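As written, the chain order gives the labels A, B, C, D and E, with residue 1 at the start of each chain.
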Amino acid sequence: MHNENQIFVPADVPEKKHDVFIKNYHAITRNTDRLFLFSCDHKIEHLNHDFYGATINSQALHPEHLFRIASQGTIGAMATHLGLLARYAKQYPNVNYIAKLNGTTHLVSCEQQDPKSMLLWTVDDVISFKEENKLMVSGIGITVYLGSEYEAEHLFQAAQAIMQAHKAGLVTVVWMYPRGKAICQETNPQLIAGAAGLALSLGADFVKIKMPEATNMVSSTQALKIASAAAGNTKIIYSGGEMINAQDLLSQLYENIHHADVAGIAAGRNIFQRSLAESIILTQAISAIIYDNVDLKVAIAHLNQLHATP
Amino acid sequence: MHNENQIFVPADVPEKKHDVFIKNYHAITRNTDRLFLFSCDHKIEHLNHDFYGATINSQALHPEHLFRIASQGTIGAMATHLGLLARYAKQYPNVNYIAKLNGTTHLVSCEQQDPKSMLLWTVDDVISFKEENKLMVSGIGITVYLGSEYEAEHLFQAAQAIMQAHKAGLVTVVWMYPRGKAICQETNPQLIAGAAGLALSLGADFVKIKMPEATNMVSSTQALKIASAAAGNTKIIYSGGEMINAQDLLSQLYENIHHADVAGIAAGRNIFQRSLAESIILTQAISAIIYDNVDLKVAIAHLNQLHATP
Amino acid sequence: MHNENQIFVPADVPEKKHDVFIKNYHAITRNTDRLFLFSCDHKIEHLNHDFYGATINSQALHPEHLFRIASQGTIGAMATHLGLLARYAKQYPNVNYIAKLNGTTHLVSCEQQDPKSMLLWTVDDVISFKEENKLMVSGIGITVYLGSEYEAEHLFQAAQAIMQAHKAGLVTVVWMYPRGKAICQETNPQLIAGAAGLALSLGADFVKIKMPEATNMVSSTQALKIASAAAGNTKIIYSGGEMINAQDLLSQLYENIHHADVAGIAAGRNIFQRSLAESIILTQAISAIIYDNVDLKVAIAHLNQLHATP
Amino acid sequence: MHNENQIFVPADVPEKKHDVFIKNYHAITRNTDRLFLFSCDHKIEHLNHDFYGATINSQALHPEHLFRIASQGTIGAMATHLGLLARYAKQYPNVNYIAKLNGTTHLVSCEQQDPKSMLLWTVDDVISFKEENKLMVSGIGITVYLGSEYEAEHLFQAAQAIMQAHKAGLVTVVWMYPRGKAICQETNPQLIAGAAGLALSLGADFVKIKMPEATNMVSSTQALKIASAAAGNTKIIYSGGEMINAQDLLSQLYENIHHADVAGIAAGRNIFQRSLAESIILTQAISAIIYDNVDLKVAIAHLNQLHATP
Amino acid sequence: MHNENQIFVPADVPEKKHDVFIKNYHAITRNTDRLFLFSCDHKIEHLNHDFYGATINSQALHPEHLFRIASQGTIGAMATHLGLLARYAKQYPNVNYIAKLNGTTHLVSCEQQDPKSMLLWTVDDVISFKEENKLMVSGIGITVYLGSEYEAEHLFQAAQAIMQAHKAGLVTVVWMYPRGKAICQETNPQLIAGAAGLALSLGADFVKIKMPEATNMVSSTQALKIASAAAGNTKIIYSGGEMINAQDLLSQLYENIHHADVAGIAAGRNIFQRSLAESIILTQAISAIIYDNVDLKVAIAHLNQLHATP
């Protein structure tokens, strides 16, 4: 699993930027081919709904909570919008960041209008921000809504952003979500595999997809393994989704890593809706599975540190 | 409250522009972290409806009334469109200005078409105007209609304007208004908090929001306090709205400053629909609460100066 | 009324262009603050309907008729599209021109699609045309349809054109017309006053509006005076509209100049639908009221020159 | 009719390009003010329908047929799309070409969507193509659908293309067609006259219009004469339309030249749907009327050469 | 058939790039005027549907399968999206590539929205990619949906891409597909012939069309021959379509080459849905017909090598 010496550098990264790309790739994969992405784009995507509510720890209301977790926990990279980075990243310089370029709120329903998530910042904005502040911005993230009536615009901006990012040696992550009036079932296995393969055709290094649903033909894990094959040398990270029990999260992660060929997880709500102390422990357990290749039992045992401490 | 030495400079302001940003920030916050914005974009937004009518002082019909108040009263900054600045600001050089970049009339209803307020001027236009005329243009203002079918365009232009303004050391204020066919209740507390948090993700220094409505869960003040938390280090100023009794305005302001963690108010109609003499006194009373941190009683007593003079 | 020495130069005209602006302003206002605009954009706006028909002098069918009037009559400036200027202006070099930048035909009704009048030429096109040909192009004209679903595009191009024109020392005139499915009554007094105030916020020097209708509250003249106040230091010229009796036209003009604070008239059909001889006399009578400040009787008497000559 | 020395050069042609413009104008007008345009844009506009069918000569199926006619016949200029020129023009270097810039197929009906014919190539593309290949590309052609919901886009691109072409000394021809849901009768006399006048306002040298219909007020010839007047110094060429009897075509042309003040004809199907031999003879007969000013009988007699030869 | 010395170079290829164009043209036509295109854009166009299913060889699920075939088989060029090239082409440097510039998924049906396949990469992206990696990228590919409500955008981007590619000496291939609500029958003979002729008017070197349907007037082969004539000096390659029996595929190809004047085939699913061993043999048989001009029997006999080997 550890793969320190052989990193695949895509051909749209120019020779003179190979070193930068390899450094960025190593930083977020911790010298493996795996990735634990701490996903934090929800303040645009879901407004306040993921940060304040009955089941959510009250610390989550404060945006700095996200950066405290990223800084004190153990993650591959924190992905969030460039605007938010401009307000907190300099205070947390030890974190690897993935700058998210686009975003949209959930306010307009698909019935009213198909999803349209347009660039808010360019790759050049990310590069000049990174250079000005000497921060570890290792890559860019971008969402594509395939099947939307605005699919053409999404595909264009993703293809261009990936190529531009690669020209600067940045790693690229595509959030690939089928959505819109044309999409009956967002997590259909063949659709998810197609979405993963499309990310490959766009030239992405990593693709973030939702877990495919089980059918009477394939289990969810088998479907994910097919998607991993369809993605070729683009690596899959799956979405953690809504907050679930921490042990279940780890079990699912272990299964997907070891039996579905995925490279890791993109988890957000599952982490930041907990207290800082709990979040930190959970990031450590996730990283142990992804980066240290520990057994599931070891990872779950790690969770007990929290209760042990007091 | 006074905070002369510690000003937060966002990371998209380059090093060489820190001095300029700090100077602009100090100018409009008067060496506090608070802001009294004299909001004057109504000649585009509401056409003549806020300037002529039964309950409006006849002086308001004359556009110069706005600049006389700004110049003779006590405010943080006057916010208005760059076109209007081009016609009066040089005659009133002692005022701090926030140049509003976009605007739309109220003529087309949401039922007909979702709101679409596109840039009329660029940040570069503001900068060259400022430099040519040596005026105190301290920042830029921009409106975002979230939940509109044109949300993507609003988010893009706001994110870009904020980053460009910061590159030049200008302070940024976002008018963040949920509006459109998808929005049932513009002042829903969770929605308002989300709007404030979105402004943070765009990188804004200040966000102007409407007062959230009270629900059977939270009072209006409590809701505003939640929004202030959600906005993180982006500071909230709330909209004064339609003209109300001056004492009520001051009471509400005092409450919001001291119990809802807001940084100030954006008041327009509440000021300019009065006579010049009344307006001046009222700006002094507001500034006393915001900038001098006086007790409510002291501020209200100040209003009596008007009647005392003759 | 005469005001040779004090010309207001807007702040978006750079210092080094003040002389040019003042020269252009003097040229079309004849050293007053008033303006007689000979409006000739109808070949795009109304196609052939204003040039050929039962009540129209047959000379009007020939486009050169417009330039003969402008050259032999007495006007402030002739406003027409840059394309038409390219075909006749060099043959009539003694005329002051206002280059109209946008235009649309009347063919598509508001019921089918809201009005959309997009730029056909840029301010740079006007400037290079003027410099190449050493013609007296004193300013630019642009139409804004407020209340249209394309209002945003109109406002953007007008704000930008005004600022760019001012940067080159050109005078700016905005045709401000509320129109579209959202507009019930185009000449409502409060709406017209709002339109005039909006032109001010765009930074225009002159705004062309239609005469507001009388209501049971205000006469048409009173309504126009309110609009003049709302426009601040942007000066109003009102539309002459369809051809009426020449004496009535002069009476209305005198009334509006002296009791409604307008700066002049924009007349087209009222002039060019007459014979060349009649047109010339009429422009002289209009100019006498606007520029020479004569009594109405003197102006009307001037009309008799026509009948006197033979 | 011959007018070798006095050519009108529009004012948007810069001084240094006067020679080029005059040379181009002379080339296609053969030192008159008249124009015989061999119109060949049908492979985009009508796909294969004008080139293959029961009444069409089988030679027409081969695209080179068009260039053979242009090269061996007698015409003013051949108008076709730049893409087609790139594939045949160099093999036929003795032809004057007008490069058509836009085009659309007939597939989408007006009921489904109003016509939208957008630029496929820019004027700069034409200029660099011409210079690279030392070909006689004398001008540019562009279609405007007035009355379409996309009228604004058509007007903009036509106005800009004309001005840019003139800056390079190229002659300009506008196809001016009223079309769309708003147009009840495309060949209404007043509408056609308006279309011709609009071309003038766009600055075009020549305007191609359809023959206006006769009404109970005016004959078709009278209506065309009115349109010629409305077009001012922009010259009218009328569309030949579907293939008709050759003698009828010549009679109509003679009538329109001598009694309706038109400058010539734009004929395509009437020529290329015949055999090469017939086409050549017909172009000679048309040119005799247009350029040599022969009597109708002389022109018709020329047609007999074809039957005489064998 | 072999045509080593006479290559037609279109006139929009500049003199200094003739050598490059000839080299690229020779590379993919193997010194003939024919082309065997291995078409591999399906991971965007059809997502995972062509790569995983009951009748599809399991090797097809892995994207590298496509490159193995291209590298070990015998083809003219492999056409695929630039993003996919960035991830595999450098590992397979012996293949001639055609970089596909646009793409869209099949998710949104024509009933919901007419097809819209916008550029994902520019010609400049292709050129810099090619130069950086010293790969044999011989040309560009682009799809046009004529008859779509977005036809104008497709035509524009195709015309521009062809001209830009030619300027760099790249060969151009247009996928010309009538599609949308306006299209009743995509494979109507006259429509297909028109599509081929339109590609000529855009300046393309090769046009990929679907086989026209037989009617009671013409057979499918006759219809294809008419289309070949309508395309002039733009050469036709027809789409192989869904996987069929290998012998039938070869028979059809032989017929179309020798009796319908086509230049070759664009085959994808017919090749890659088979095992690597079968695919390789099939590409050899196809190339034997196209490039070596062998008899059909010889080609079919070649297929037996596969079964012979074990």
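One rule holds for everything that comes next: a residue touches a chain if its C-beta (ideal position, glycine included) is under 8 Å from a C-beta of that chain, and two chains touch if they have at least 3 such contacts.
Owing to the predicted nature of the structure, the values given are computational and were not obtained by experimental measurement.
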Touching subunit A and also subunit D, the following chains
E
Fit subunit C to subunit E (C-alpha, same chain sequence): the rotation, rounded to steps of 5 degrees, is 145
For copies subunit A and subunit E, work out whether under half or over half of the interface numbers are shared, and give different or same accordingly.
different
Whole-angstrom distance, CA centroid of subunit B to CA centroid of subunit E, is 59
Expressed in whole Å, how far the mean CA point of subunit B lies from that of subunit C is 36
Give the residues of subunit B that touch two or more other chains, as numbers and ranges in rising order.
none
Can you tell me which positions in subunit D touch subunit C when the two form their complex?
10-12, 14-15, 146-149, 151-153, 155-156, 159-160, 162-163, 166, 178, 180-183, 190-191, 193-195, 197-198, 200-204, 226, 229-234
Which bits of subunit C are touching subunit D when the two form their complex?
43-44, 46-49, 51-52, 61-64, 80-90, 103-105, 107-109, 112-113, 116-121, 125, 129, 132-133, 135
